[in-house]
Amino acid sequence: MTKLDNVTKGHPSTATGAPGPAVAVGSAEPRSIRRRRAFTVRRGATMVAFMAPAVLFVAVFIYYPMVSGSQMAFRNWNLNNLTDTAFVGFKNFQTIFADATFYTVLGNTVVWVVASIVPQFVIGFAIALFLRRTFPFRGLYQALIFFPWAISGFLIGILFRWMFNSEFGVINDLLSKAGIIHSPIPWLADPKTAMVAVIIANVWYGVTFFAIIILAALQSVPDEMLEAAALDGAGKARTLFQVIVPYIRITLSLTVLLRVIWIFNFPDIIYGMTGGGPANQTHIVTTWMIATTQRGDYGQASALGLIVVGLLVLFSIFFLTASREKKGDLS
Amino acid sequence: MKKRQVLSLVGIGLAAALALSGCSAPAESGGKVTLQMVESLTNPVRTKVLKGLLADFEKANPNIAVDLISPPTDQADQKIQQMLQSGSGVDVLEVRDITVGPFSTNGWLSDMSGQLKGWKGWGDLTDNAVKYAKNAKGKTYYVPYGFYGLSLFYRTDLVKAAGFDGPPASWSDLLHQATALQNPAKNQFGYAFRGGTNANSNVVVAIEAYVAKKLDHDNAFKLTNGKTIFSAPEAADALKTYFTLFSKASPPSSVAWGYPEMVQGFSSGSTAFLLQDPEVIATVGESDAITPAQWSTAPLLAGPSGIAVQPMATAGWGTAAKSTHKAEAAKLIEFLSEGKASTTFSQKNSLVPILKSAADSPFYKTGAWASYLTMTEHPDKYVSVVQPRDSAWWTEWIQKSDSEVQKVLIGQMTQKELLASWDAYWTDKWKQK
Amino acid sequence: MITRETPLARTVRIAFLALWLVITLFPLYWIAVTSFKSPGSVFSYPLTYWPKVFSLENYAGLFAKSQFGVYVANSLVVSITAALVATLISLMSAYVLARFEFRSKGALLMGFLVTQMIPSFIALGPLYLMFTSLGLVDNRFGLTLIYIAVCIPFCTVMLRGFFANVPDALEEAAMIDGCSRVGALFRVLVPVMKPGIVAAFIFNFVNCWNELFLSVTLINSDGKKTIPTALNDFISSYNIDWGSMSAAAVLTIVPTMVLFAFASRYIVQGLTAGAVKG
């Protein structure tokens, strides 16, 4: 334990790494005074005061633990034996890259993200389109179909684990009543069907988020634009793809980006449903990371965490460049 | 919204939060000591029993209060690690045979041999209990509260209806009977196979039964010739029988079955055989689906030589090295390890007791317990062995071996590859040491 | 833009929406049905789609076996407090990010975005040690603090989008009229952005209400647990108590459903306001 204290206390640099932005805000201020007319000291002070709580909270409670956790990635940090926590450079990363399971897990993660997000997007978009037209009890309908998003991922995992249960599960029962199957499918025991099952659960959960955001975006499309398109004699499909989609393109692409990041980092459903099994076949990087911490290897787990952050940052840059967005418009 | 309203709303929120945090300071007035106690193998029935015993302890020791923390089993050891590492929040903890190695290596556990030197309870413990309470170096990191051991739960009615004289005595008997009872169309299966969490344990038990005659009893992963048990030719026979049990006599979904699913499979009536710890006796007893007349237990399954091998598993109570109340902690551990408290704990949780006297109790001679008596009465036929569960890499081994068992079940690995991989793993680990 | 709809399109629309409603509600229906079965008949075969007898035993058992009421109260207090404070803090930071130009703005936004990419597991260990030294382990106030921090980044980015849609002129006029900047923000902008702020609050609330891994790590004693932590306890590796589990699930889902029923109008309205930029 004393060792650990030393580690956390002995690296003040990790703590200063995070408040960086706060300092930067301060230093940027005189520059803005020069640049813009009505800038006063008072205005600058307000700016810093308004920004400070958010930056402070994020720096102290998110960046500090994260940075202090990442140094374990470069150490031999195994809870089963903490007598030697020497600095080992990139050894943990090498171990991960040499492990065949890592590539299975990476592949699973890609399948998990893509196969979840595409149906979520398509169904969500369809719902949003259909919901634009008013109909009786639309408000109630909206409230009813939006609720999955308010349930915890873990609970959804448990719920679907129960429904996909081979012997007492309702899904096998319905399928066999409908005559589609003749003997129960061991959904969560077969690697292929287990992946299908967790993705079904994730789609069920995630459609709502897209539906809400896209519905909001659709409602922001000015009526004049649609009327103009109608006057031009544009058909429904053409209006959709040539007027509506371009108008809400930014919202769509940013929502997709955010969802990719979230789904990538979303172990809850898989953790609740299969725990990564059978035979690691439904592990994604984040559930595999949980399993790694469970066997006490915090060094490797942290290395995995850094790999996740690295992959996602790379992906975001690529995605944002591809969708030709300026960095400043990240919101 | 007016500014004042917003601010007052926030004010209320903050006040509520502060009020909540205010009540969290431990009260230690008047010389009263509060012990923080954490359990690991939590289950609701057991927690209730433990709380009752702690209340008795508090009554007998008015100056000591005990706060019991019961994290869910899956995360408990991780939580305990975090507490021990942070050095606060825990005085007494449940130490398992698989956690004692890592915990003591990290200097997290207090050697209690000093505090327990004059303890009058030592003489009442069984030899096995003493063996675990005092390790090879004479240190006492924990005092066991009981032992876990496997026996075969079986459906007496189904076995009889299928024309068998009695429960299976060996692995090949089990395969024979379970196959005969399998009828998927009626949701009736032979064996509650363990394919999920801890799948490796039953595979190893089967292998050990097959190599019983040349097994090293103090390291049951080793043969007397120094090689691993996975290298023996008999191990291949064991796997053949064991995995046929899965393909011919178990529910397909059991690839993912861990403890709860196995027990549920048996207590819901859908499987006829189950290999489990004695604590399941209580759980199955509560089932609505099968009546006490429909099931019983039989001794652990033997290999071809007629010998069955019982790996010992245990857990007990220990003290954190950073605890500032070691004397009080020792007092609590003594209390839990002797007399009525110990007997109550092991009986209510269906554990093999740590007290010599308990074996004479009629409780252990009746019903489902009878098979345990049979096993203790014939130690040459039911051999107790020690697995290297205290190895620092044990959790790593569990994860590796579990996933490889599943790979064999879903056809991604052959039985031969599995044995080669396990043999290489342990040979390598022993060489490193 | 409401144009006429062909009968075919109408049928497709209604069929699709109806189908999705069934798909959405079915799991909820199933967990509710399970919760009303008597504990013994949860595992009866063949399955029953409507309990023969409505049994409240699982619910009674839930409150008898665990302090479920306490968990609900903990969850409510922690989630409401954290969501309120986070919304307020984010309101201020979002205001700065929307209204001021400065060099490190892009870096700040990126810093917030990156928080979404960090798997929480990398930070749990150090967080636990930090909270131990602050005396915040097993403490609802500590949990509230970390929840505030977790909510801020996304909430700030979301609210910034809403600010961008409110014209500058509005608060400039107020400031010319003698309002302070703070006054302008709260008296003029907040009322205009009400739906957006409600939406942000609900996002925060839902996130805190559902959070599992942080609360499992930081909370120890039974009396301080939140609902997800308690649900996690029902799935111990020894036994899955499906009866209590489903009763607890119903009691967890219903309040959030009710909240959504009231708030879904605001959410969509609020998001519509911020949609182009947010």
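Descriptive notes on the structure:
Order as written gives the chain letters A, B and C; numbering starts at 1 within each chain.
One rule holds for everything that comes next: contacts are C-beta pairs under 8 Å (C-beta built on N, C-alpha and C of every residue); 3 or more make two chains touch, one makes a residue touch a chain.
Since the model is a prediction, treat every value here as computed from it, not as a measurement.
Centroid distances built from C-alpha atoms place B farthest away from chain A. The busiest chain interface, judged by C-beta pairs in contact, is A-C. Annotation: 15 Å between the Cα-based centres of chain A and chain C. Centroids built from CA atoms put chain B at 37 Å from chain A.
Contact with two or more other chains is made by residues 85-87, 187, 197, 268, 270 of chain B.
Among all residues of chain A, those that touch two or more other chains are 4, 167-168, 293. Contacts with at least two other chains are made by residues 43, 45, 125, 129, 182, 232, 235 of chain C.
Per the touch definition, chain C reaches chain A in the complex via residues 1-3, 5, 13, 16-17, 20-21, 23-25, 27-28, 30-31, 34, 42-43, 45-47, 89-90, 92-93, 95-97, 100-119, 121-127, 129-130, 145-146, 148-150, 152-153, 156-158, 160-161, 164, 181-182, 206, 209-212, 228, 231-232, 235, 242, 245-246, 249, 252-253, 256-257, 259-262, 264-265, 267-278. Residues of chain A that touch chain C in their complex: 4, 8, 21, 24-25, 27-29, 31-32, 35-36, 43, 46-47, 50-51, 53-55, 57-58, 60-66, 68-70, 72, 123, 126-127, 130-133, 139-155, 158-160, 162-163, 167-168, 170, 173, 204, 207, 212-213, 215-217, 219-221, 223, 226-227, 230, 236, 248, 250-251, 254, 258, 261-262, 264-265, 267-268, 272, 285-286, 289-290, 293, 298, 301-302, 304-306, 308-309, 312-313, 316, 327-331.
Interface residues of chain C, counted against chain B in their complex, comprise 39-41, 43-45, 65, 77-78, 80-81, 84-85, 88, 125, 128-129, 132, 137-142, 144, 182-183, 186-187, 190-191, 194, 216-217, 220-222, 224, 232-233, 235-241.
Every residue of chain B that touches chain A in the complex is listed here, in rising order: 78, 81, 84-87, 101-102, 105-108, 184-185, 187, 195-197, 251-256, 265, 268, 270, 322, 392-393, 395-396, 398-399, 403-404, 406-407, 409-410, 412. Those residues of chain A that touch chain B in the complex are listed here as 1, 4, 79-83, 101, 165-168, 183-184, 186-191, 194, 274-275, 277-281, 291, 293-297.
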